[in-house]
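Down below is the structure, laid out as structure tokens.
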């Protein structure tokens, strides 16, 4: 639905944005070479922008028992089930780069049960998908299973929180018709 | 799962919290007369706490084409379908108070189609539920329907964003076994 | 949909009802202090009224391995999943009174897995929900599980029959737009 | 699960039954030439037996804007979706006989949308299936659609009530492992 | 939808068909005494006809660890869940004949869990239904379960392939409104 | 599950295959530069191999009101919903090449409603997905809608048949753990 010329929710002019948001956008542009559309779409609501990316950074940038690549794997697997084009393509690119694996993202998006991941990662994704699709059925035995794979309670919070935050992101992307930048499709394919 | 004595994720000691978080908690305690458990459960992760409540405030406290009571109605209707005990009970109390209606929250939680709301509010809840349950099917005609009820694009963003944020909250509450404070159950029942 | 002034199916004049039905209604009014709407809505079909309440009494008033409060817990948990406003609110009141617990009904209606019930009651509700939602998958091992919690075959029949009867009731209430009396919302909240 | 030799819930000795129940069973045996298993399985709970068959007779034997054959069509179509072997086979036999059509029952059980029924009957079955599967979504416009096919509000109550009662019956049959008598399979096949 | 006079997709004139197809149809007519409608509907696309029946013969006529009757049981159970009238009725007739059991097909079509099959056959149908309904969740442990019932990997391929081929057939039958010949309804009922 | 070294179903030695199958494989290898795994996995059952590829060629290689690229779009959109890794990746490559569009396949696999297709193609995919997911609900009005977009009955058969055939293929790929060749992931990405 959204496209650069006729987006559903107009993208603000960068010059009109608050300094902190413009700075954040400039930083990501420097690093990536382009501005991922999620920054532009969210920027028209500065307070929501700040909260969203603060939440993102708190979960995705910190040290955790889950590697950064593993957290991105959760994003791709759950976003695919939520049929979120933006997150599958943008975070698929990040999975490819972080895991140095040009195939894994497409595998996770199609059917994570058939992807080349470890049993520990499989347990992680099973749980993240459960939180994403039917969190009301999470029980103590889910924690037991994950402890059996060496995950701590903090790791389990991370799995669930990543699934929950990107569930929000998936809904906002589908609501706004957010399109992935073309650059993402080919990144990390080697 | 979680209870004051044996919570799944231990609640931090208030004295150990960063000043801003302790201040936020003190403020809500002053206003409500008790500390809603969501503040205690989330406080053990200060950065996520800050992001979550910043997002909450950005959506729920501002002026909008949706009244504050209507935004809470979205929270109750979508949280009920997500089977989130905490949000249904806590935000049910807020709906009763904001709408000065002791019955509405239970109606929305059971079956919002049978509640005493206006056709405009019904269209709002139909859309919020769609974003919550199958956002991937949102289409231009959903916007047309809502425009026909007098909603603006900004109002529609608000509907979807509230549904999305509380979808996150529902998942965190179910993950952590968050229990509503007893006070919420009876508030606003007249 | 239904309201006292403009119900979908007109409520009969009490004076026009057969004596036995009028007597039954008078008895419940004496006891409760008001006439629950289910009696008024069903009374326009005296034969169905008699059969429905005979079935109700046969299951809900007798001695059983399930306490009367436990049988009402089944009603609330299954009716909530069927999104039946009348049964959730009316039988929620009864759960609060019978169990002397002002919180339990709202917990069961939101997510019975997070309510403060015993493991034996949890097994009972899991089975009742299974009968309500996918009875075609009931198998011998379900009986084994329940026997392991000390339930007899008669208790299991009771669980299933309560879920089945209120499945009927849920459908009739949703068909007729039956509204709970206002009195039910606040009863037993202490 | 249930079979004549080892039923899940033992069938009572006819000699031990209350007179009215034994008389009812004798009457159906005289008419059908055999005792349908539903009478035997339900007879071990005389009060539930009486209520169930009173409800059945109130809906299925009276005059209605729906012919008796049409009411049986509702039973077959909804019972098939509930995967209830007993009701599909036993009421399939009745459909064949009442409609003098040896093919219709199997068509309704497989896919009522492909059966040789009238548009009016199709609307009736669409509504009955809606009550059976998702009664919480019944709305005023469903009544409008049915009125457009010439159905009265009383007819609509009948549709919903038949779907609701046999929803109960389907659950009891699946709970008890009730098997259709062999005679039903071939009846009315011409 | 389709009937001999006004089919959705016109049935070709037998005289216009390629020789091999006309011969195949003549052979089945000789054997069955009538031409099953699937041959007529598919014949208007000779290449698809040849491929479909070649696939059918490769799976259904060969020697296998699954008897021919067992393979037909898979067809009936999976086609019923796909709500395919043609396949339930036509292959139901074949089940009755091959298994010399006038009741089994209706049992499998209504609820295979309640039919009089062996535990080994139950495991076979559970797997075939899994392939039919959610093949993406097939895992190594499904193979282990089936090996435990004495099935080989080749048998498991056969189960899955029969479910997959008739999933195709179910979709074509529902697309074309294919009606079973009247003869099938009564065959093998003894 | 399947990998070149330890496939679930052993891949036959090319030298042992019948001549026609070896020739078909040689031809595809000449054209593509590698042997797509579906040829190797299916080759261990020569008769099924021949039937499957005959069906494939009959639908995918002929002239049709749907372009070859459009038929591949149906494959990708329906295979993604069936969570079939092999078909999404292999036919995604073909979509990219046939449509000369490096982005379209990933869009169709994530959420075809958000992809850059024409309204006519959208109607085509809506119908193909309907056949794939709930063919039992296909009705005359679906044909009317498609005729309104200029599609003929033959085109509609093609849509349904492609969805049905690849539904079979999706199930076989998930059953056998078929992995896409690495070459497919990057093809046509420009």
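Which chain is which? They are A, B, C, D, E and F, in the order written, and residues in each are numbered from 1.
Going forward, a contact is a pair of C-beta atoms (placed from the backbone, for glycine too) under 8 Å apart; a residue touches a chain by one contact, two chains touch by 3 or more.
The structure displayed is predicted, hence computed values, not measured ones.
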Subject >> Chains touching both chain A and chain B >> reply: C, F
Original post:
Between chain C and chain F, which partner chains are common?
Top reply: A, B, D, E
**OP:** Select the interface copy of A-B from among E-F, A-E or C-E: the correct pair shares over half of its contact pairs, counted by residue number.
**Re:** E-F
Original post:
Compared with chain F, which chain's mean CA position is the farthest off?
Top reply: C
Original post:
Is the contact between chain B and chain C built from the same residue numbers on each copy (over half shared) or from different ones (under half shared)?
Top reply: same
Subject >> Rounded Å distance, chain C centre to chain D centre (Cα mean) >> reply: 23
**OP:** Mind checking the centre-to-centre distance between chain D and chain F? Centres are C-alpha means, answer in whole Å.
**Re:** 44
Subject >> Centre-of-Cα separation between chain D and chain A, whole angstrom >> reply: 51
**OP:** At least two other chains touched by the same residue of chain A: list those residues.
**Re:** 1, 83-84, 111, 114, 136, 139, 174
Subject >> Pairwise touch network: line, ring, star, complete, or other >> reply: other
Subject >> Chains that touch, pairwise >> reply: A-B, A-C, A-E, A-F, B-C, B-D, B-F, C-D, C-E, D-E, D-F, E-F
Original post:
Okay, in this complex, where on chain F does chain D touch?
Top reply: 136-137, 139
**OP:** Could you pull out which chain D residues touch chain C in their complex?
**Re:** 1, 8-9, 45, 47-48, 50-52, 54-55, 57-59, 62, 82-84, 131-132, 135-136, 138-140, 143, 153, 156-157, 160-161, 163-165, 167-168, 170-172, 174-176
Original post:
Which part of chain D faces chain E closely enough to touch in the complex?
Top reply: 1, 80, 83-85, 88-89, 92, 102-103, 106-107, 109-111, 114-115, 174, 177, 179, 182, 185-186, 189-190
Original post:
Hey, which residues of chain C end up touching chain A in the complex?
Top reply: 111, 113
